[in-house]
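Common to both upcoming complexes is chain A, partnered first by chain B, then by chain C.
Entry: the complex of A and B
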């Protein structure tokens, strides 16, 4: 049973690392969906943040500066999304798509213009964000499981709990959910639905920014073209799989992370074609979509069409 | 969608001016002379037989993908997966192109194209069924399938369909499967005519036939852009038209990929990059989701693209600048409130009324 050997601590660590960007996007997407915004543009926000983060780190030589600029890029893209779809009446999906296309081309353009590179950019002077090692865990059995991750990974666990509390236990959470479920009733109850939407979109921009810098400054210290590789969309699926709740989204992200991690490990064991391994997260997403479909089919009875 | 109005043209015009302004600034900041770049750009797009032919050749997949978008959006389905269909259709067109020997020219080309259309359309079956029968957003499922398609064709070109031991590519397609290239200095081929015919055919079917009406009515009850069950109330099965529309859309995407292979590349290789599926969505929106609008917008778009390639080739300016500028233009065009705010001006209202009367 050699395949059982892959279930060890390094698989767990790789699972957590793969799940982190998906969960970050997923939390943002869940909040947006809860307030009734379909935020397709998260992919572009993430990509922009990844690039701006690495560029800022390269020019300043400081990981923190890179992080701050990266997150700002995510937020700025979110503001662009908000202005176009809330203030100027553009369709959310179209704006999201246009932002994604804009971001792919924009980062590639800047890559060629600023760094004269095509494809990817990596440089020794880029400062990555270092992992955190907990002193008190050294030489305990928890060291390998809990210590030595980069900050965003701890943030994800923290967010899962905080968002759960906000979502269910505060007025704000109720207001956000009301905005998505029944905007008219929410308005009648004195909730400023537009403000709620703005709030969730900006929040998702922050998280997409953190997710982007996670890719380019924490997980690795390099930028490759289109390095978000659909994680923005997978995050959307994760939030949808998790019923747009924080804990559900987190669970779905771990599931995606597990699939990713197993795929990577199996490649080492069986020497599989790398393309098939790369396909695992997407194939898994399709499977999850089918599962969501079955679940909705069971739960929701179609509304009968009235006779003429 | 409503008809083209003067407002739309005005906003397109204003957006273009602003976009050109942004380009001017961008080029100046990066140390180029905008006037010279602009001249090169124009030359690359439409000056001389070779450049014009290349522009038309580049337009072929854009026409097809934008019409694929038109069809799917018109039935109320947001098909973002046209790029995936392109890859699948292209791969299997290449396969059919070298696999079937001893066929005549016309049967072989027809067979390849049919296979491209069928495979491309089957690729869209799952999202369509998921949407209609289980309410899973087709936006997300089609986007994810794009990623699956890219990796799948790359795997196939590397594994089962690989012929060349050095480069991961399929064998070259047979001469009988080639779409004819008419000029020695350009890859312009008969695929362009297929695309144009498809554009007019789609216009005719959508506007003049019962089938087209049924298709459209699935999406005409769109609230904003989202499908509603409006047509069900009229006794038209919107579910069926949604699935049909999605399959047609995928088939057109497959056709676009097939023509790229049969007319231009002549074999499928791993690094082959299709982006036209995504651009097709933006083009279709500029064309107001009309087949003929899509055709015109595609020609416009490919002229810009070709100009961009020419500039990229002649200077250090990155070709991506074109896509950046076009997506900025999309931001303007899609901003509905910006468009309707133009009604504040009296001359816009007057001209609007004038042109509407002309069309009627």
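Entry: the complex of A and C
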């Protein structure tokens, strides 16, 4: 079975790389959903961060500066989302959509006016974020599995654990969950529900910012128009598939990453049309949405009527 | 057991609170002694809720003073009220469904270990201890989704006690309970008072005022009408203070003269939205010239039964025969055409569109028919005439029919629903919780209307969680429990105690 040969360490590494931006978005989306905010604007936050990150790196020649500016762009977009939906009372879904559309147009405009480029921007003076190599793992059997990833990838694993603890074992976690499930109960308990929502939205902005810079400064060192390519939406689906819990979302993100990685590898094995492979994440998203639908239907499966 | 102790737990002086167009509290003075059970009674819109919202820091008064334990205080937010030892159990429970009892009780104040994580074991045992102390039987690890209404309520009470409340405000706590559960609640309230707590008990059920309270304050139209020791007053006197005139507590009607069968339900099964069986093998019939009542605690399948009969929810098995024809699979509109009217329990969402004008709601079920519409176009003249006729006939108090329905009082909104439903002279009127949130004066009028329908030879199916209402209006009563009819009773031959047992599903 030659196709089984694709399950090797490089598939694992590719899986982790594909899963990272989805998990970053997914964690943010899960926290927002837990506090009762449907944040579909993450796609735009990520794209803005990707662009601002690369622009800052280009001008400063520093990867760290690029990263900081990129994350700030994610946070600022999150603040815009919060102001429009919480302070001005606009519909969350419409605000999210507006941000996504605006980000596509805004980044394209800046790409053309600042860099006089169309489609994509790459330059030798852009400093990317380097992978981390652990000295103590050199020449051990774990080196190929555990070492040499970029920082965001390690961050994702760290976050899965931290968020799990926050979610189930801290006052903050119960406060966030109570806010989403019954805001009146939360208010009654002296929890400031608006503050909780702001907190999760800003947090999701930070993560979308990291996700964006991951795309443009870590995974690759370039910006292409619309390079978030739906990952913001896929992250949202991952959080929903994972019941908005940290571990569930992490698992769902790995699943998407696996699909992506297998697609890329199969291309090599069978010489499939690359356009077909590019479709894999989106096809997988549709499949997952169908699974979510089925799961919901199973939950309300009518109990049978007893025979008389 | 009125205490002669002069220390006061709560004193409110000269509180005034206005909303646009209405003075909810008008120079209100209200005083609760330490360690007493104080009943606060009044109709909907009398200002009770506003008063307790001010005490609990949800609303701020325009003017006036508040004293807690004889000290002047300003309660500008809920946290402040909690800090002052005030706890409130809302009518609609504020519980997180997927959380356990302990998680709900401890929310926001969970005990933490040295690493900053919540100590769930500690919380569970703290909750057990408080529950034991006050005789509140609650399992700390029970999820609220799986808890009965009675347990949810006890969880709410425990929530206030966990926060060291000394003054408990209970907002209409018995509305969702069976008579037995009410007795249990009263036990709990008494043990709270024995432990030195003070209880403010809001209700409109005068029987409960007489049974549980030490003193009573009556409100009407935002003003306090009177304060007295409960033992020195009577339900009649309280009712008069509440309404401002004599009230007939009993519905006057003659013996029913039922004729032919108009509705027959045979072995009906209905699923609820979660896929559970809400109505189980239920059979009943209703004849012309009678009012059949369905009594039972809320949430025992009444909602699903009525929705299935009116066509808003599919039936899963069984037959519904109306006026000789099977109707279980025809649309609500066709059922209406056949002569079935429905006054839904959820007036604000199902019964009316509160954002529309009164005339629009009045013709909502008939606008497409001649003479209201001609050739697919609404004839405004005929619609307005029709609406004005209904307004007059059903005594809807409004400046005009071009007024937003949502601006009417609960009682007048309900009159709009009833006017619309009766305007087509139905054979059968299904009235579900028809007086919920309606003031006493209008309750009387609605009851009279139901009796009039019956006397004109039509049928009524009255579904109500208010036991007194079913027992005084209906001619025959079925008691429903967990989707099944426990027993048929003649309201004249059965007492409260017996009904309570039936409502709890217990049959001799």
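Worth a mention:
Just so it is clear, the second predicted complex is superposed on the first by the 299 of 308 C-alpha atoms of A that agree within 3 Å, B and C clash if a C-alpha of one lies under 4 Å from a C-alpha of the other, contacts with A are read in each partner's own complex, and residues count from 1 in each chain.
The working rule: contacts are C-beta pairs under 8 Å (C-beta built on N, C-alpha and C of every residue); 3 or more make two chains touch, one makes a residue touch a chain.
Since the model is a prediction, treat every value here as computed from it, not as a measurement.
By the touch criterion stated above, A:175 is placed in contact with chain C alone, chain B being left untouched. Contacts of A:165 after superposition on the shared chain: chain C is touched, whereas chain B is not.
Of the two partner chains, neither chain B nor chain C is touched by A:132. Annotation for chain A, partner touching more residues between chain B and chain C: B. Legend: residue contacts after superposition of the two complexes on their common chain; A:191 is shown touching chain C, with no touch to chain B. Across the two superposed structures, the residue set of chain A contacted by chain B and also by chain C is 300, 303, 305, 308. Those residues of chain B that touch chain A in the shared complex are 30, 78, 80, 126, 130, 133-137, 139-141, 143-145, 147-148, 151-152, 154-155, 158-159, 224-225, 229, 232-233, 235, 278-279, 281-282, 285, 318, 320-321, 323-324, 327-328, 330-331, 334-338, 340. Interface residues of chain A, counted against chain B in their complex, comprise 38, 40, 80, 84, 87-91, 93-95, 97-99, 101-102, 104-106, 108-109, 112-113, 229-230, 233-234, 236-237, 240, 273, 275-276, 278-279, 282-283, 285-286, 289-290, 292-294, 296-297, 300, 303, 305-306, 308. The part of chain A that touches chain C in the complex is made up of residues 165, 169-171, 174-175, 177-178, 181-182, 184-191, 299-303, 305, 308. Every residue of chain C that touches chain A in the complex is listed here, in rising order: 78-79, 82, 88, 90, 92, 94-99, 103-104, 107-110, 112, 116-118, 159, 267, 269, 271, 273-277, 281, 316-317.
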